[in-house]
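The same chain A turns up in both complexes below, where it pairs with chain B and then with chain C.
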Partner chain A sequence: MSSHPRVPGHADPGRSTMVTRRHALLPSTALLLVAPETRAEILPGGTGMPWRPFAGHPPEVVKPGPWVFFTPEEGAAVEALVDRLIPPDPETPGGKDCGCAVFIDRELAGGYGTASGIYMSPPFLPATPEQGLQAPLAPAQFYRSMLAALDQFCRAAYAGKTFAQLPDGEKDQIITRMEDGSLQLQGTVAKPFFEILLRDTRQGFFADPVYGGNRDMAAWKMIGFPGARYDYRDWVERHNERYPHPPISIAGG
Partner chain B sequence: MRSGALRLALPALALVLIVSMAARAQTPNKQSFEVIEHGRYMATAADCTACHTVKGGQPFAGGGALETPFGVLLAPNITPDLQTGIGGWTDDAFVNAVQNGIGHGGIYLYPAMPYTYYSKMTRADVIAIRAYLDTVQPVHNRVVANQLPFPFNQRETMVGWNALYFRPGDFKPDPSQSEEWNRGAYLVEGAEHCGLCHTPKNAMGGDEGGRAMQGSALQNWYAPDLTGNRHAGLGDWTVDDIVLYLKTGRNRYDIASGPMAEAVTNSTSHLTDADLRAMAVYLKSLPPGGRAAPQPISDQDPAMQHGRAIYDNQCAACHGGGGQGIVGLFPRLSAAPLVQQEQAASLIRVVLEGSRAVATAGAPTGPAMPSFAWQLPDADIADVITYIRNAWGNAAPAVSANDVGKMRQALHREAQQAP
Partner chain C sequence: MATKLPATDVVTIGLGWTGSIVAKSMTDAGLRVVSIERGPWRDTATDFPPSYSPDELRYALRLDLFVRPAQTTITFRNRPDQTALPIREWGAFLLPNGVGGAGVHWNGQTWRFLPTDFVLKTHLTQRYGAKFLPDDMTIQDWGVTYDELEPYYDKFEYLCGTSGTAGNLKGQIQPFGNPFEGPRSRPYPTPPQKQPYGPVLWAEAAKEMGYQPFPQPSGNLSQAYTNPDGITLGPCTFCGFCERFGCGNYSKASPQTTILPLLMRRENFEARTECEVTRINLDSTGKRATGVTYVDSQGREWEQPAEIVFLCAFQMFNVQLLLLSGIGRPYDVSTGKGVIGRNYSYQVTSSVQAFFDNKIFNTFIASGAIGMIIDNYNGDNFDHGPHGFVGGGYMGMNQPNARPIEMTPTPPGTPKWGAAWKKAARDNYLSTIVADTHGSCYSYRDCYLDLDPTYKDRFGRPLMRLTFDFHDNELKMSQFLTDRLAEIVQRMGPRQIVKLPRVGHFNVVPYQTTHTCGGAIMGADPATSALNRYLQSWDVHNLFVMGATAFPENAGYNPTDTVAALTYWSLDAIHKQYLKNPGPLVPT
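Entry: the complex of A and B
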């Protein structure tokens, strides 16, 4: 009998016990008790909103360079995975060249990786998908354990080769088995990892380039999305006409 | 017959005007509420607070720094404090300072104090301002006004300057013009001292002869042309456009920001509609001055093409694909005189550091423009401003990356020095 670890965003359907109202309320009560004091300020009338020169919160643009979260082996595995989930084709480069692995690396290094915005203390109870994350592992730890398990599985099954070193056909077979739930890695069903990886890869492919993926806005150009444009008033009344402007990132240009 | 009656009526009207002004010239009763209230109104028109009140500080206590091309001056304390303010001054001393530039003890004032304009006010109005200032809270705050470097710190140099550039004397009404026009001229040329910013200055800081109100650079802004020039001035603005701008800070062309936003906040938005209309009538009578519209830069020019791409990406969302803007929210850029000034300082400035437009009781929104300094390099800003100045029928000289770079440095210095 295989164990079913509870993983981010994935509920165990085999158990009937649900999170009780008491369990659900406990964390929010705790939040109320530690809510920080906020200060309001009264603006003198007629002076308008406060303003200072060069004001603004420019987005932090992900810089290319070495992995921030992944080890070189983990990075190679993720690049190989995203490049099979989104293989290069005449319309766009593959997931690797579009920066999907960089996107995932940077997001695992940040708040998403540590689940910083999510209540991560026990109890971890079986729950419906709508009840959200019910797992002790934050996404960064989850990726790390599953990537290690994947390479361990490949070395054992494919004469010492890691996942990244396999030919495309064999990579696709493994990914297919991850998706249909038939593959276990280190005694753990790989399907939840596949689902999270697929979601994060898609997000990297289509998210704004400031986050490291969607390099050269290749995904946006493919689907004709004009990007972070603010306003389309000039185009509201113009039908059956191709919007001529290229996409722009929230970093501008 | 009717024109004959008119000919008779005009001198009579002028006579009435002169007699009524003569009556006002008599020393008013400084204790009367009407005089003090009139003084408060005239102090608002003269915008004394712009320099003499530090932002967030006590009214008229002085100490605010005035950046001039010659160095820094600190605005004196004009509260009625006996030791550090003007409490001990006689009315004559006050009038002498405001209208002749001769301060307490006979020292020469610098024309950052616009006595060159206030000289045109009536004595009665100046005495009324004094009556009002006598009622404000005295504040003990010693200010050493003169922070200028040698040789400008030698106040005696102002004797020569005054001889060259100062024409003292009361406002002389023009009997051939309407009473409204004369009232407007009195305010524009006197208390409101519009020309202090809007008239080009020579190397000595004096008004350039024959170029009144044709627009001038100051404090990394450009005060635009206010003459009847249709290209860069107010030629196409109506009297109503000007009144609305002075009253609310915005009209169908523009929204005030920078030093003009302060002038609207502190001064013009508090004037009566009749006075604003008078100022507008007078401004509309200024003959077109300055240069004719230049030939626009070709839209095939590489800078124009690059600028257009940046405009479509960064600016069109608010200012519209055709530069038409949205009245009350986003200033229009096409056929907008402000955009076609000889110098682009104000445009470069607001693109770099952003801008908060004025908020008034009549238009309380005070929309803001974001800063683009973090995402557009100097060359991009130069090209997009060159494009804005030459698209949609606009025409004005190109802007160089060097212009933008110098402004960027100057603004960062300014931002660091700001309190």
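Entry: the complex of A and C
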């Protein structure tokens, strides 16, 4: 049975270092089933909860900086897209300044982009709507191909201009046609791309800032969500009153 | 080739809710217990501390605590004449992985079923006549009664410290609890949770309409509690990162907060993590299990011999392991014969959104099981004669979370993007509530589980195939429940409500509940059940199957209180009879 593949790892990279540490610190009485680089463990009773220091696996903080997955052109297009999906207004910045494109870039560079953890075995057959997505392309490949198609479409239809170079009204027209299913990009209906892009943009807008979006917790301030406060015992019975404290993030602050 | 390990007395496949209960109980008897768990070890301090547990993206969207579909998933179709396709990303339900199982990331809504739910077929036939039931409905009595289970419900609730208000104490109806519930022998171990604004307003409206609203029984504790095994839980802080998350405060009842600290001190217990059981082994007669075979995360195969095998792998995986091990006769939809895979059922949920002006609900002040409920339209608590359907559900104003990626409702007609969406998201976040119904799902001839002919897991084993759709009876029920709920919500004075009854086909994409049931049901007759009334396999007497797998149909409540009560009920029979005299507990 040694030909069996390993259990797929958890999507977050913090996990594997944690596990290595756990094994390194295993008490010598603990019998390891397998070589230490693997993760199966025997946890013998009689010792209490097998707690070990540094065993946690906090998320990695996304740092601003150059694109990790996108090319500069792709990055510019996605910044333009997210800034129309969530436009700036006098009170709250738009998708671009909130870091939604940075969020999507880092997610596509990680486990989300490679469809890590998703069942990707063929055959990929036509599905009923009830059966859910049957897409052979991982999100990173899908974004790459659809952004290239959008670029070609814009350059052909708008005298060589890229999406990012178009005026807002024209950008909105394109997005509207993506949404209503009337736009084909290189022969592919653009609607699924619109849906995934909108979902990811909203995730970037509202997720904890640790992932690169929701910069300064702008989205949480906009709606009045206090973030990671975790304790509302003093407030549960204060009805119909605005919660007064500003949000906090798991990234600190 | 599997390497054979030294024999042990008891093996549990899985170390979630039922696996932990079984391991604790069997070690009580001095037996050596090995729990084999597919996922990793998990504990509060390391895996969900308050410092980084409130992370919606990681836990609620990327589903960090759940099994990865790449590791194993199931295939799905609505009807037997369709081709089932794999669920590539979880949607309607989220299947567990890791120590604590779904007990880590459940809501904690802790409900007993109604006395009539256990004798459903007999009761409905007597009251309405056999013709009232759809022809293809395959509901059955359970072979166990509410009165028999009561002490075991009580045991689980006192293990967890469940917070609530009794509605029926030894037959005496109480003013602030659920007047429809079966009699309970004593009050809940802890008082109900405090309620936020939405549930309180909803309950006032329900009361004005003549209903008796009561707080939802909750495994998110209202105060610190030390359980009979000396393990202490803390008070819930209404953090709102509860379902899909582990609790950082030790305040949600879970195997970690109620059982494992004791179990891990016992020398006759051992957990093996990241080890997936691939088969239950049988002797040459096929009537006795000799143990299990499992594969560790390095891909090495091991055989663990044991005297008693407890299948505690969650409903779906229980059925899959039975089929892959050749235990019991597989269900054949064309003849209606066979038992493994038969009577799959689910849960029929619906909701009503309400948008208000000038109200601040602070819906982020939330917990998995907080809320106010009425039970008038559950089970057979009302006369179904005029309505033309059977079944029902509880309804109320739960407030599990207002995490912004999942819960930023906007009124109908709002664009999905652009300035108008942004303004609507801002204006409605604090002033919108969602009430919901939690309805039964009865079983039907064409709703079942078997092995998929095409798609395989990473070991090359066939995936479980689910064939399931909602039937007219359930859709009618959902419409009825949603209408009643909407009347109450309307009375709260919203600007606008949106009714969302369950309609159309079952769809695996939107989350509904992880209350998948049946597939190896309990009963009195081996021709129509896989397990006897003690959850013992009719075919293999030293195999006990724990979990909602045993439900012949699903009631209008969350399953776990009943899952746990059945587990304790079974264990009691094992302690009192089986250990002394191993063999079938019910003659065939």
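Assume the second predicted complex is superposed on the first by the 189 of 253 C-alpha atoms of A that agree within 3 Å, B and C clash if a C-alpha of one lies under 4 Å from a C-alpha of the other, contacts with A are read in each partner's own complex, and residues count from 1 in each chain.
By definition in this document, contacts are C-beta pairs under 8 Å (C-beta built on N, C-alpha and C of every residue); 3 or more make two chains touch, one makes a residue touch a chain.
This is a predicted model, so every value here is computed, not measured.
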If touched residues of chain A are counted for chain B and for chain C, the larger one: C
Partner chain in contact with A:Arg233 - chain B first, chain C second, else both or neither: both
First (chain B), second (chain C), both or neither touched by A:Ala159: neither
First (chain B), second (chain C), both or neither touched by A:His245: first
Partner chain in contact with A:Ala207 - chain B first, chain C second, else both or neither: second
Partner chain(s) touched by A:Trp51 [first = chain B, second = chain C, both, neither]: both
Shared chain A surface residues [contacts with chain B and with chain C]: 46-49, 51-52, 55-56, 58, 229-231, 233
Contacting residues of chain C [partner chain A, same complex]: 1-2, 27, 40-41, 43, 45-47, 49-58, 61-62, 64, 68-71, 73, 76-78, 82-83, 85-89, 91, 194-197, 200, 235, 237-241, 248-249, 260-261, 263-276, 295-302, 359-362, 364-365, 402, 404-405, 408, 416-419, 421-423, 425-426, 429-430, 454-456, 458-459, 505-509
Chain B partner contacts - residues on chain A that touch it in the complex: 46-49, 51-56, 58, 229-231, 233-234, 245, 248, 251-253
Complex contacts: residues of chain A adjacent to chain C: 1-8, 10-12, 18-19, 33-35, 38-52, 55-59, 84-87, 89, 92, 111-112, 116-121, 123, 125, 127-135, 172, 175, 179, 198, 202-203, 206-208, 210-211, 219-220, 222-233, 235-237, 239-243, 250
Touching residues on chain B, where the partner in the complex is chain A: 265, 312-314, 316-318, 320-322, 352-354, 356, 358-361, 364, 366, 368, 370-376, 411-412, 414-415, 418
